[in-house]
Structure formats: C-alpha cells, structure tokens
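Before I ask anything, here is the structure I am working with.
Labels run A, B, C and D following the written order; every chain starts at residue 1.
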Amino acid sequence: MYSFLNDYSEGAHPRILEMMNEYNLEQNIGYGEDIHCERAKGYIKDLIDRDDVDIHFIPGGTQANMISISAFLRPHQCVISVDSGHIYVHETGAIEATGHKIFPVLREDGKLRPEDIRKVLEFHGNDEHMVQPKMVYISNSTEVGTIYSKTELESIYKVCKENGLILFLDGARLGSALVSSKNDLNIEDLPNLCDAFYIGGTKNGALLGEALVIVKEELKKDFRYSIKQKGAMLAKGFIMGIQFEALFKDDLYFELARHANAMSKKIADAIQSEGFELLQEPCSNQLFLKLSNKILKEMEKEFLYVINGKIDEEYTSIRLVTSWATTEESVNALIKFFKNANSFL
Amino acid sequence: MYSFLNDYSEGAHPRILEMMNEYNLEQNIGYGEDIHCERAKGYIKDLIDRDDVDIHFIPGGTQANMISISAFLRPHQCVISVDSGHIYVHETGAIEATGHKIFPVLREDGKLRPEDIRKVLEFHGNDEHMVQPKMVYISNSTEVGTIYSKTELESIYKVCKENGLILFLDGARLGSALVSSKNDLNIEDLPNLCDAFYIGGTKNGALLGEALVIVKEELKKDFRYSIKQKGAMLAKGFIMGIQFEALFKDDLYFELARHANAMSKKIADAIQSEGFELLQEPCSNQLFLKLSNKILKEMEKEFLYVINGKIDEEYTSIRLVTSWATTEESVNALIKFFKNANSFL
Amino acid sequence: MYSFLNDYSEGAHPRILEMMNEYNLEQNIGYGEDIHCERAKGYIKDLIDRDDVDIHFIPGGTQANMISISAFLRPHQCVISVDSGHIYVHETGAIEATGHKIFPVLREDGKLRPEDIRKVLEFHGNDEHMVQPKMVYISNSTEVGTIYSKTELESIYKVCKENGLILFLDGARLGSALVSSKNDLNIEDLPNLCDAFYIGGTKNGALLGEALVIVKEELKKDFRYSIKQKGAMLAKGFIMGIQFEALFKDDLYFELARHANAMSKKIADAIQSEGFELLQEPCSNQLFLKLSNKILKEMEKEFLYVINGKIDEEYTSIRLVTSWATTEESVNALIKFFKNANSFL
Amino acid sequence: MYSFLNDYSEGAHPRILEMMNEYNLEQNIGYGEDIHCERAKGYIKDLIDRDDVDIHFIPGGTQANMISISAFLRPHQCVISVDSGHIYVHETGAIEATGHKIFPVLREDGKLRPEDIRKVLEFHGNDEHMVQPKMVYISNSTEVGTIYSKTELESIYKVCKENGLILFLDGARLGSALVSSKNDLNIEDLPNLCDAFYIGGTKNGALLGEALVIVKEELKKDFRYSIKQKGAMLAKGFIMGIQFEALFKDDLYFELARHANAMSKKIADAIQSEGFELLQEPCSNQLFLKLSNKILKEMEKEFLYVINGKIDEEYTSIRLVTSWATTEESVNALIKFFKNANSFL
C-alpha cells in the first residue's frame, strides 16, 4: 500500500536521527535549558533575523495552541478562527477545556479575512454579556492546504493591531507554506506580521516538536510556567533541541518541505490534467479533491488517504498528503492510477 | 418613558413580596434546606405530577446552565445549541469557562430540529480528535420568542434518547411559552420529554430564582456539591423557597405569564394591523420586529426597547418585551404610537 | 429552640425590607446599572473616603472570592491562605475549579502572619515547576472569629507590596470585625491596606449581597465580564443596590453589627465567668468553645449550634454565632443554661 | 563534572535508540494506533499477567497525572496526596488547572498511610460545602526515594475500596522501586492493588513516555478523548510504542533500574560508612542526605546535585540521583569524595 494519509507516518529524517544518535549519551540539563535548545534557538533567531523574541520548543501542535491561548488570554476573552481551524475542529475541545470560547467564521478556503474579524468585533461590541474577542488564530498553510499571501497577512495584522487583538499563527505546516510556488512571504516577515507563531517540526521531519516564537513583549512573561502546567515541559527537552538544531543549522527544514511540495505538485498536475476536480487551489503538501465513489473503490485497494466527507450520493471529498518521506515511486504509482481512473466510471 | 426593555425591570410581584415580608423574621435553616424550599418543591412536584425528580432553586439562569452542564458532562463532551442560544451568545463564555465546547447550529427561528442533531453527530462520528456531543440545549420559549410544539419536543427527545444525548431545556421564560395561545405542551409533559429543565422565576415575577428539575436518575448525584462550587448556594436559600412557594401554591406563576402574553398579543396585533413586519411569529412575551430608522428615531423619545441589530441602511431589528408588570397604559401608548408610525416615514 | 447556628437564619432587617417594598414597582435598568446601585456605591465611597475605587455588588461570598481570584490571577498563579480560610475549606473547591491552587498555612487562630507569606515565597522561589504565589487571602473577622489589628494588617500589606502580591480581604463578616471592642481599624483604612476587599451584606442584615471594592487600578479592567461569566450578574441587580442603600445611607450596617457583637459579648462573659473554655479570644459575633459532651447533650435540647469537631473522647468544639436578629431573650436563655451547665457534669 | 542531578540527563538507552533507528522509515499509523504500541502493550500485559487492562502511552508524568485525574473525577471531587507528592508540589498546579483540589497529608517519608485517608474522609464527611475526596494518589518509589511494601499497598487499597476511592499510583520511578532490595511487590501485584498506575519510561531509559495502565473498568471509557484534549496524543505515537517494545520485549526495563539502584547502593553505603546522615532509608535510585555547607562548597566543584532545602545555618539537604546511565567512574569519584569529606569540616 502507498500511504498519502499524512505527513507523520515515518520517524525522523535520517540526518535528524543521526544527530540524536551522536549526542545520545552526552549529559544535558533537563527541561529545555540545555545547549542544543540554545543553539537551535540561535539558528532560528538568525533565520528570522530577530534576536528579541522568545523561543520555546513544545512537543505538539495542540499543546502549542492550548498553552499559548490560555497563557495569553484572560478568562473572559475568546479566539476568532475559521470553522476549519485545527483548534476549532480537531483538538477535542482543548482550548475550551482551558476556559476559552472559539468564535468560528465560515470560510470554505480556510483563510480568514480582515472583514471577518471586523464583523466579529462589531457583533460583540463591548457587551459584557458576551465574550470579548482578543485573539485571532490563523494557520499557514491552512487546514485545507491553502496559504496566505504577504498582503493578506499584512491586512489581517493591521486590523488586529487597530483593535488590540493578538495575532497567533499556527505553523504546524509552515515549511510547506513558505516553500510553496504561490508563496511570497519570507520567514523573516513573520515576526513583523504576527504576535506569536510556531514552526512545525512534527510534520516536517522531526519525531516531535514545534518551535514557538513569541514576538510581542507582553506575552513573554512566565511562559515556561504555562508550558510546565500544561504538561509540555519534557524532562529530556534536549531531544527537541537536537532535532531543531539538525533542521536549522543548515537548510534541511526547507529542503524537506520542498520535497513534500514537489511530490504534491506532481500529483496535482496529474489530477488536473486527467480532469479531476481539486477542491482548493494546490499550494502546499495537502491536496483536497472530489472523486467519484467508483474510483475510490479502486483507489483504496492500493492507496491510503483520508476521507474528508461525503459530497453527495456519488462523490466524496478526500485528502492526499505528501511529506519529506514520500517516495517518487509512490507518487508515480498514484499518477498512473489517475491516468486510468476514468476507466472505472 | 415606557419600558419594553425586558421582563426584569421591577422587583417581585406584590403577592411574592408579601410572603417574603410575612416570613421575614422566622428562623430558617440555611442553604436551601428549609421548609419553604421543601413546600415549594412539593407544589412543583404536584404540578408536574412527578415525585421522583430532584428540584433545586438556583439564583439565575446562567448559573442554572453552567452548573447543570458542568455537572452532567465529562470534560471531553460538548453541548449542541442553536446559534442564538443563551449559553452560546449571552453568558460571556460561562459554559466554555467550565471547559465545554458549545457546537452551534444556525437556525433563524431559534428552534433546533432533530436533523440538526443528527448532522452534528454524523460530523463528529466517534472521532477522538473532536469533542463528543453529549447534550442538547434548547430554550422554551426561545431567545427569539418562538416556542416548541409537543410534537417538536417529542421528536427532539427521541433523537436524543436514540443517541445517548442528555436533553436540557432552559426555561428562563417557560411560563410565557406554556401559556402561549400557540402552545400545546403541558407542564407535566416536560419530565417525560427532557432529562432536566428549569422553571424561570426571575423573568416571571420573582426577585431571583430558577427552579431546576432533574429528571434523569444518573444526573442527580451530588448535584448540591456543584451548586456550592459554582457559588450558587445562597446562604439564605429560603428566600427563593418563599418566592416559589408564592408562585406555585396557587396559579400565580401562570397568571403572571398570561398577563405578559396578553400584553404582547395586543402589541403584536397592532404591529401587524399597521403593516409592520414581525421577524418571528408572535408566540410569547418577546416580539422581534423590523422598523425603519425614521420610526425608531421617534419611538425612542417615548419608549425603551433593545436594538437587536442593523438589518440594512434603512431598517433595524428591535426587541419588545412585556412582563407581569407591564401596564395596559404603556401598551396603549405603544399601540397609539404604531397607529401613527407610518406618518414618520 | 434558640438558634445560634449562624448569622443568616432570618430574612432582611426590617428597614432593608421596607426599602425593597418601597421601590418594588419602580422600573430599573438591569444587571446592576441602576440608580440604587449607584447611590449605594456613593455612600460606600463616602464612608471609605475614596472616590477612585470600583464597587460591584455580588450575590454571595463564594462568588466574590472565585470571581476576584480568577479575574486577578494568571493561570499559573496561586493564593496563600490560612488552612481555616473559607476558600480553602468551605467552598467545595470553587477556587480550584477556576484553575488556581490555594497554598495553606497552618494557623490555629485563623490569622496569617508576614513570616508565613515570606516562607511560602521562599519555598516556591522562581521555580517554574511550582505554582507562583501571587495573592494573599485573609478574612476579617476570620473564620474562627478573631480579628486583625491595624498593625497586623499593615505588616501583611507591606510584605505583599514588597513582593508584588495582591492582598485580598474577605469581609463576609467585616461589620462584626470593625465594631469589635478589640478593633483599631477604621473602614477608611481598608483601601490603603489591601488591594481589594468586600463588605459582607448577607451575614449582616441583607437578603443577599457583598459589596466588592477594588482598589488597585490594574485589577479593575473588564471585571463585569468576569461577574457575568461566573453567573453572578443578577438580572435584578437593583435588589442588591436597594439593600446596600438601606445599609449605608445611615449607620444601619454598623448598628446591626454592634448588636450582634453585644449579644456575643454577653454570652462570652457568661461562658468565661462560669469557667468554660473559649478556644479563641472573643472578638466578634462568632464564639468557639470547648464543652463536655455531657453538657452538650443537655444543650442540644434547647439550643441550635454548629459542632466544629471532636477534641477528644470527652470534649467537643462548638461554634455559637449571633446576628443582628439575635434576641436578648435567646441570649438570656443561653446564659441561664451556662450558669447551670456544670451541674450536668 | 559528574552529574547526580537526575535520571533524565541522557538520551535513550542504546538498545532503545537502535530499535528506533531500525524502524525509522517504516510507515506507521498515527496517534498510537500502530503495531509497535500494540506489541508493547502485549508485552506489558504479559508481564503484569492481565489481559483486561487498557494501556496508553503518554509522553510525560505530569500529563499522565493530569489526564488521569481530570478524566476520572467529577468536578467537585478531590485527590488525597502526601505533601511531597509530585502533583502537589512540582507540576505548577497542573491538577488544579483542570479544576481539582489536592488535599495534602504531611508525611516526612513521602508515604501515605490508611489512617491518613480515613482522617481526610472524616474531616470532609458528606459536607457539600467541602470538596469530596474521591481519589488517592501515591508514588512508588516516592518523591523522597522511599518505597511501599506489599502490605502497605494492600492496606491502602483496602481503605480505598471500602470508601469508594480510586487508587492511582504514579510510577514515574516504578522500575527502581520494584528492583529495590527492600521491595516485596511484584509488578503483577499492581493491577490487583490499585485502579490505575503507570510504568515510567522517561526516567528509566526512554527518550520520553509513560505506560499508563487502567485497571478499573469504569475508568476506561473514552480515555483517548482525554489524552487528545490535554495535548498528549503524539502524532508519531509509534515512537513511544517502539521504545516500550524495546524496554519490555525482554528484561531491559528492569536491567536498567537494577543498574541505577546498584549505583545508588554503592553511594549510600559510602555515605553511611563515612558517618553522614541519610534523611530517608536508601531504597531506590534517589538519596536524600544532610551535609554541612562546608562540605557542599567543595562538592559542588566536582559534582552536580539538587539542593533540596536548607536545614539550618550549617546544614543543607541535598538529593543525589543515579540512573541507567550513571557510570561506575562517576560513582567511584563520588565515593572517593565522601571518604575525604570530613576533612573539609
């Protein structure tokens, strides 16, 4: 079986694992205060060209989201997100479990607009009977594989700043977004265009780990208390440090993302040239497409993918994901399948 | 100024206050374990014809909702509500502050349908990455003044029972619903058609207090711990007991609701006969109507009401509420206003 | 039976109820934004000689505590309290339910000392693996009936300010403390000696209500959102306004407290002159005494009181409470009982 | 420098890392539903001789504690723990952040007694103004390095069962406890002597991971929802599966613990034979000792350790920890130091 299920089916990229092997018996200080975390933070600060940010390594995305949101907000404040936002749909209510409402905005393409934010603010006013919107949560790339342009991000951040809202960017798949052929954002733009964001490791070659970057000064204080309280301060925090060291001491992080996108591009091209419908513009390592159930019946014999939902009696929406570990062989097999797919109709 | 702002602008109905005066210096046991609470519970049990329910007097509706939901659910479970539901909009995130997500269903008329519930269940499946729907929250009358028919409530409860969902009915304005000319539900139907509900006192003549009725056996245990933990166990709980005693020892509760509805009916008739648009079918003591801003500019000189939202540049949606204390005089003044209103256009 | 169970067995003092009757049918704005709340706040500001404080009327003490603590603290911060503190023992974990740990200090007399605070700070250091102490909670009078002197309160506030701690004073029984014959604090000292405090109404003649005074500027923002979220914003908030208006438009509040203390003093004198042991210095309207079980067996035939705990096989600790409503007759009956009590041994 | 700081300074035991390397590029299902987790669970079930338990791999101890406690308890319920319990002291209020109070029992040796539990139950009674004790939390080995005997554990579980309390055993250092020369518990006793427990990997050779074993049927339901909600469901859950597979497919887990204890034993013997004072009986891989500040001043030049607290002006309490990775060389250096230590006085 060829798997296009997700971007976390394998262990770590070999160069990461190599470094973990190399440093394995070295003694390190616990809880992320070690030399590897230090070095990895240095590489990231260089990359984003900002020395005045705080960086924390967090094991997973749900944790990065729940820790940040619960640390940044007061109890009566809420987060604005699109309705496909990871925090809104796929974290089993982790954010609400810390006490905060997420106000959903319906957007098919997974991308929030400035006018969405303004409408939410207008709806809530300063009415103390309603929650107080205080944070905007966006993902790049989004949960449906789309990406934000620099202009779009600028316009969102502008409305946030005008209204005292914190802009938080979930970068679980940031690598794929930044190396997209459609992308015009540089990673060094991010600290200037949001208040906090993270650079996802888990879905781009690491065993686990997200590098959370806190830009806004007021959000930095006592953040490690929050990490510990939510159970995200690994005793052996250095294993995240080593991995991010491997990812950022050279270009590895983007190299891996480029491979994932290249594989995805090949698939998207085949899908389109065979006349099948992509439900979102192909930008990153996630593709969403509409396929006839008859085709899927054949496809599932050879390929693993995620069913995203039923469209109607005849059609289904599915997701295909590529990663640093996706092989040319599996992509070619899939392309070959699509070339014949119309014959199953 | 004549006020149609809400149904909690005055103190208590005089017969309630009389009873409070009568028993004022009598010594009572604290925390709702007194003879008045006991008697009031007895009257309510007789009324709903069920002796096997637990009844608790809770100071307010937000408290009744947050205590019940947090006591009934496990941390990963969520509540289904229409998007105009009081818990979703107007409780400053009280439910989320106890850790639970509310999943909103869009419904203009404020009434949930069985198919809404089924769709939410289907969307969530048994996916542990998503919250688990476990409770359905409905209000009767709803936040937009509509009411549920017996058939509608039966069909909702059926889908709840088939799917292991708890059905919770917010009855902050239950009185008005049950005496509506459109109503075919009896109060003794309620224990058979939901798992817990409350009979609102605050909005129907009491100073404060909602009578929460827990029907489902599994939901009863240790409930008073939850009341205390959420700060809703009044030291002088007997002041709620006395008020519900006054409301239910005879027909006073419904008498008050009937007055509110009668006043509302008169206004609705005038509105319609003058050709203005009611946004919801007039059923209870809340009317929602669409008025030209020019008319409102005149209306606000003499009347108090709540602006519900801007419809377009020219029209606004407003809410008018009547209560046990609404005078014929104020209603007549309002009717007179509507009769002349077209002249302001 | 004569009840010395507590200070909330009766309704409201007649002068309070009178005012509630007087204003009963007057129309008021909801949610505490009415003229009576306004006036009551004015009286209290005059009394404490501070116009720059925020005052909120909260239905009960547990609510006042949980709302304040959860609004004032960030998630990783904790409260320091004596082990008999109401928040630590008798609120069913209301504070922890909002996410905050209470760190208990063992003190028989219910009074926290500056050195206690310093020890807790030293123990926690700046260790992010432990909660961060950020608030000190004290009660005056305390849960065991003792009171703080001005010097004691000054020394506590000094250590708080030196260490960036918020000092919060639970004044559920503040009236009794301030009119104690042992007291040297003036109510106008309070805003200078703590960051927030409340003036208890429930236990001093009101049906319900505590007047929370927030002094420290940083703690004021958005507080009404917190009141609403925790379910403490009464629709008919004016019923608290009217009661505090009645209590503070003249000397009624202190008059009631003086009566309670006078009754308590008479009982304490009798207890001591008959040779029974008071477990705490008699200061306020609560007396704690050690009595032989043989005496209690007789006492319970005629008097109601709270059993505080078993001391040993032969002796029990009990609590006697007086209030504005305690009659001379009941006190005389109790005194008479103590005069004969030794005959039961 | 020789480090005796803790048992999580190095990466993974080489045999574990080898297996991670071996399976690195193999494709696995995400979120712990892979074949390695499956196999590891099988090994553990065989070891504890129980097929009817649920096993979950959780990244860290704080997470295992907070997820279990918040999933097992209702909101008004509390946990009983000794005052040195990890959840009470060193988790930054993680448990309280999920809403639950921890009731501390003072015990110098870190071990809870049946009479402690009974006293806590008696103190709380069935008083709904207080939290309801529902769980007992113990650690084995304890936070001060002591261990429970089989008889002790039996007597605790007995009082738990008699009173409807859940017994939860934190086994972050279970390996060291079970191979202690003082131990008479077998790992297969555990499912019969508590309701849930975990087998710590992080502190015994793994990069991260604790194997949580849920024995009691009622506690199993929907547990994976709780894991996800608290951010502990690793996308690449198989990396924990592989590690536990390596630890339990043969005797590796206990082999590592035996090494740690042997190293500790050598140190303890030297300490005692040189006349220094161990503050707790040496049982496991943690030693607590009292040393003169003069000696510590020399010791810190060559050795890393944790300062546990100041005893008096002259003496300090410190902790020494050994692990699977502690070298004979470092132990010999430390022993040599103690042999000369008296010369520094």
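In the analysis below, a contact is a pair of C-beta atoms (placed from the backbone, for glycine too) under 8 Å apart; a residue touches a chain by one contact, two chains touch by 3 or more.
These numbers come from a predicted model, not from an experiment.
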A-B against A-D, pair bridged by the larger set of C-beta contacts: A-D
Farthest chain relative to subunit B (centres taken as mean CA coordinates): D
Approximate Å spacing (C-alpha centroids) for the pair subunit B, subunit D: 51
Separation of subunit A from subunit D, taking each centre as the mean of its C-alpha atoms, in whole Å: 34
Subunit A-subunit B separation of Cα centroids, rounded to whole Å: 42
Residues within subunit A bordering two or more other chains: 75-76, 91-93, 97-99, 128-129, 131, 225, 228-229, 233
Contact footprint of subunit A on subunit B as seen in their complex: 75-76, 78, 89-93, 96-102, 104, 128-131
Contacting residues of subunit C [partner subunit A, same complex]: 31, 70-71, 74-76, 98-99, 128-129, 131-132, 222, 224-229, 233
Residues of subunit B touching subunit C in the complex: 3, 5-6, 8-12, 14, 17, 20-21, 23-30, 59-60, 62-63, 66-67, 91-94, 97-98, 202-203, 207-208, 225, 228-236, 238-239, 325
